[in-house]
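Every chain is named by a letter (A, B, C and D) in the order it is written, and numbering of its residues begins at 1.
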Amino acid sequence: MPFTIGETALSGFAWACILIHMTVRVAVAGASGYAGGEVLRLLLSHPGVEIGALTAGGNAGARLGQLQPHLLPLADRVLAETSAETLAGHDVVFLALPHGHSAAVAAQLGPDTVVIDCGADHRLTDAADWERWYGSPHAGHWPYGLPELPNGREKLKGTKRVAVPGCYPTVSSLALAPAVEHGLIADEVVVVAVSGTSGAGKSLKTNLLGSEVMGSLSAYGVGGTHRHTPEIIQNLSAIAGRRINVSFTPVLAPLPRGILATCTAPIVGEGNVREIYERAYANEPFVHLLPQDQWPTTAAVLGSNAVQLQVTVDEDLRRLVVVAAIDNLTKGTAGAAVQSMNIALGLPETAGLSTVGVAP
Amino acid sequence: MPFTIGETALSGFAWACILIHMTVRVAVAGASGYAGGEVLRLLLSHPGVEIGALTAGGNAGARLGQLQPHLLPLADRVLAETSAETLAGHDVVFLALPHGHSAAVAAQLGPDTVVIDCGADHRLTDAADWERWYGSPHAGHWPYGLPELPNGREKLKGTKRVAVPGCYPTVSSLALAPAVEHGLIADEVVVVAVSGTSGAGKSLKTNLLGSEVMGSLSAYGVGGTHRHTPEIIQNLSAIAGRRINVSFTPVLAPLPRGILATCTAPIVGEGNVREIYERAYANEPFVHLLPQDQWPTTAAVLGSNAVQLQVTVDEDLRRLVVVAAIDNLTKGTAGAAVQSMNIALGLPETAGLSTVGVAP
Amino acid sequence: MPFTIGETALSGFAWACILIHMTVRVAVAGASGYAGGEVLRLLLSHPGVEIGALTAGGNAGARLGQLQPHLLPLADRVLAETSAETLAGHDVVFLALPHGHSAAVAAQLGPDTVVIDCGADHRLTDAADWERWYGSPHAGHWPYGLPELPNGREKLKGTKRVAVPGCYPTVSSLALAPAVEHGLIADEVVVVAVSGTSGAGKSLKTNLLGSEVMGSLSAYGVGGTHRHTPEIIQNLSAIAGRRINVSFTPVLAPLPRGILATCTAPIVGEGNVREIYERAYANEPFVHLLPQDQWPTTAAVLGSNAVQLQVTVDEDLRRLVVVAAIDNLTKGTAGAAVQSMNIALGLPETAGLSTVGVAP
Amino acid sequence: MPFTIGETALSGFAWACILIHMTVRVAVAGASGYAGGEVLRLLLSHPGVEIGALTAGGNAGARLGQLQPHLLPLADRVLAETSAETLAGHDVVFLALPHGHSAAVAAQLGPDTVVIDCGADHRLTDAADWERWYGSPHAGHWPYGLPELPNGREKLKGTKRVAVPGCYPTVSSLALAPAVEHGLIADEVVVVAVSGTSGAGKSLKTNLLGSEVMGSLSAYGVGGTHRHTPEIIQNLSAIAGRRINVSFTPVLAPLPRGILATCTAPIVGEGNVREIYERAYANEPFVHLLPQDQWPTTAAVLGSNAVQLQVTVDEDLRRLVVVAAIDNLTKGTAGAAVQSMNIALGLPETAGLSTVGVAP
């Protein structure tokens, strides 16, 4: 386990030197999927991590290189079966499993292991909510891996369990949190979020085939039926101290990665919108309010942990409109997971993470 | 000029036989752009049309085959200069010109020529609106080429002038018209419409380069600043008989064609939503409410004049959500133009138009 | 069965009038796949065809609208089980089945039914070739549906059986046939053909997922192992009267439709290359040699039955380079099938087919 | 200037600690383009570099954040005019300028500055070749930045001038070098390389618009007319010690980044192909021969400096077929530039570079 150096002013690679002889040993369960692959991509450039066991379900026994050919340094690793035995003996275990599988695995890992669940199982605080939306018994809730929410960072320090947020809740909550916190907007917001296809995972479904996806746009989970809806509501309501309703519609677009969320609500409070957002995120390493003439693009955050956002007011309607972009696999999943691990362990929060996108 | 046969029950190609010796002579101004090219693509399969002069601005003198290589039967046509002389002597003139150029050209064409303006110049009824949004003097308004709006078809019969709707107003207005007409929704609606890049035309702008567009999503004209906003408001307010506010945000996605609009508003009236929509479009040849379990995709309407839509109610919020898909170049521009021409001339409304998309 | 009107000079829709009261009744087996869907798309605009039974394997019982939402006029059709009973009583049956399934079905259809096999089963003339490449007993060979090959059209007139060519053999053979026929090139040619994903069908394979395909290029069937290799060799060798070797490599690219083939071989014979190609295709309705300054794009042939090609000579190497573009689903599959049907039945060859692409 | 530590066995971030207090000061001319942007993206994760002046031509005066929004840490930098003054005082200057501009700038920078030219000006050794292909006087040739070629690394050590290879020559030369070196193949090879659009730069050309590019494939520079042809020939001929002819055809495909090259030639020599390739690249950090059952994809090298390749023999034809994938902006341009800088300065060759791609 590493020595905690806190959030020192060390910039660039200075902390790399300090960490170099103390590495966290990490396992990844579900290493053959998109979320697991992205966790590994980030860990490969993390200076304080040693990558241990990699496990899978149906793909156990395969070389990682065949399933994740972009992870060249790990190409010869062979995937083990996901089990308590293979995951034992690590400081940190990332779970990138289908919904409903995390609790059982976590229970076997012991209380000293840091367990970071990229799935949905421990996100919702309300058991009834969980049962309504997922149709199974609630596994309980864990500290929520979105440190940029009000008091979000505190809950993660020293924790042994992290529930990584959903990708849509991440971008929507960060887009609206400052407005909600300052009582700026009414209780009913509308979010339409356009996403690349990797959010749906490596599932073999006809509607996810390249031939179907390219050249097409489609909505799904319309009418408040997408499972990320209660999670967005939970986040915003917690900030507001009252119920915030959210009309949420996800749209699938022909790109592998990226979410662009358009979030709008009537303005009911006072205050300079831009100042409120500037203040809210002034010290955040990953959330960037763009200069006034510039709008976010998902290409600019590809592979990066950054959130790029812009706010404006539709003066005719007195409505707030916030547009925010993330990479659904990075800040939307694996980046948040690594960021949360860093906070939980007392590592520099940005270790292994970047605000530089791969564009064009 | 053709003999009017009205909307007879002739199915298939029966009317083709009747029309075969009476053809409408058509010119297209702006034949080198995307809208002009799509008008030509449709006219090439129109049984009652003879394609006359093709004109352009900077591209005058070029072979059409070099600029529109998909229009093989017209490849050897040479583009003439857009002028009153080259456009004279046609029964119908399609104007696919930059905004602000149509009125001057139309004035020279004489009152007996059917002039169909694919540009914005004659869409807005209110001169002050026009001046606010386009910053130039109002050229007046012409009958609006969206026959599926309440009483929309009547205004087009026999007209010599047509203002072809904007692509976003087409899909948004058709998505919401039945709800507005039946007093179903509140006065403030939110529309987020995701579009392919051809809606921006063949403009040489960095943000429209393939390298910038592919793999990226971006919003533009945010905060009620897109010029299609007043046109949507105009359409819905005319139906309602009162002001309907619209929060409109367009999003650019990596595909050449297609718009998917998500339209939502609080429900305030009574009535079975599905029945209202079924009735509204039961007899429309191009607007299709999908079966209840199916959501629209833009791929399904590629190159077709169809609108595919689906409605639902978010019961938690009592909000209406309508999702509608069109091809922005077909039903969103050139298809509406041809459809309007057909109505204006008394030809079968569907001549030269299809409800069959090119997928996958 | 229609009255044969031959290839008269009737242009436009004239023949539609003649055909209007005599329709060919057509069934499509495999209507839920990409090839079957494209056959239906084309038949929907064919003036002399009535669409009868639509059948499927695993999708039998489903509404076509759910599986092929772009075929709106057929949306309410229900797919029947593929069987001799459901396919009986039609003048023409299109088979769009997995390889190996056609012969058994065809055997049950009777000798008077025109059977058009979009699969590979009856393409190869040599039984040993078939067994080597497909690993099953040879079902025999049928007249080959590529009328633009030397004497190709003759073999199709009046036939009751058609083997529709593979998509890569179509574009490669047409690109090289004139050069081979005139003894222009050496016996070893290299073809690298880049294809969209629909050529792989609606198969649920990880490497065909949108997330995998978009933003990626990959080769497959490298080293002469793709099953279309012997078919290209067969076509070119038949023209040459001697064995022509072909090094063939297919590449998968992120677009749904289209193949662009680059075909090159050392020049060994005499003759003006351009003149040879001009003469070869001067009277072909679907094969277009582009003007000298223009190169083919697949976008220009999207949804069209056209082949666009260009030839040049690398003077430093005295090599011929031909680049040709088709839509793999149209001229590469379903367009060739309909074209062959037209010839077989004595209908106008271009009925239901277009040389107009859907671009951009 | 850094202390040379050679190619020590220090793995991970160990050398970062050594370099941390001695940074190379670097300027980038042409920072607003794709090549310049990619150089900066890589430098931002290079532990031994301090980013100094950023210059541009027409974009001088602009914030970098507006032009390269993915380079968040540099967003507030303002672009200076490209001039000897602004570029003075740096240890290393990267030139990412249009062809023909590098020599004049380099001449003003003094012999002690390491100048790394991402353009073509100093790639060709033969003045007549240069004049034939580029139509201007030859500026001379510089050490060639492809260390993986035979003796390639030696030429770069300690050099003050580097000519960064073209993207197509990089992938083609690495794909064929081992075969040429071992006399395995005949003197005439065929290369067909499919590329993403960023290779064409941020040029405002109609054929590079997203609407034109998406859904389309096209060839260009066909018939041996692409300017990278003589560079490939130069590389292979230098290895062979005799003239190697290359038939080269580039194809444009709808993705922003990535080149997949298919390279084929008749086998004339003896030797185990796989062993030859294995040995050739066994110790190369960036060139990876894949396991026998696996073929390269460009997605796997997105943003990485890796080359993934696979070799096979078409036994029917006794032809070698090599397929290789790179990211044209990384290994194809900016990665090679940084790698060459590292070698020239005696830094660890892999500093700032990765073999991990961003997928899916």
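Assume a contact is a pair of C-beta atoms (placed from the backbone, for glycine too) under 8 Å apart; a residue touches a chain by one contact, two chains touch by 3 or more.
All of these numbers come straight from a predicted model, not from anything done at the bench.
Novice: Compared with chain A, which chain's mean CA position is the farthest off?
Specialist: With centres defined by C-alpha atoms, farthest from chain A sits C.
Novice: So which of A-B, A-C or B-C matches C-D, with over half of the contact pairs the same residue numbers?
Specialist: Same contacts by residue number as C-D, out of A-B, A-C or B-C: A-B.
Novice: B-D versus A-D: which interface comes out with more C-beta contact pairs?
Specialist: A-D
Novice: Suppose each chain is reduced to the average of its Cα coordinates; what separation in Å results between chain A and chain B?
Specialist: 40
Novice: Averaging only over C-alpha atoms, locate the centres of chain A and chain D and give their separation in whole Å.
Specialist: 34
Novice: Using the average of all C-alpha atoms in each chain as its centre, how far is it in Å between chain B and chain D?
Specialist: 46
Novice: Considering chain D alone, which of its residues make contact with at least two other chains?
Specialist: 34, 196, 198, 209, 211-212, 214-215, 254-257, 296-297, 299-300, 302, 359-360 - these are the residues of chain D that touch more than one other chain.
Novice: In graph terms, with chains as vertices and touches as edges, which category applies: line, ring, star, complete, or other?
Specialist: complete
Novice: Residues of chain C touching chain B in their complex?
Specialist: Residue list for chain C touching chain B: 12-14, 16-17, 20, 34, 37, 41, 44-45, 47, 63, 65-66, 68-73, 75, 198, 214-215, 256-257, 288, 290-291, 293-294, 297, 299-304, 306, 308, 354-360.
Novice: Can you list the residues on chain A that touch chain C in the complex?
Specialist: That would be residues 34, 196-198, 200, 202, 204-206, 208-215, 254-256 of chain A.
Novice: With touch defined as at the start, can you tell me which chain C residues reach chain D in the complex?
Specialist: Its residues touching chain D are 188, 190, 192, 194, 196, 209, 211-212, 214-220, 222-224, 245, 247, 249, 251, 253-260, 262, 264, 266, 295-300, 302, 310, 312-317, 319, 321, 323, 325, 359-360.
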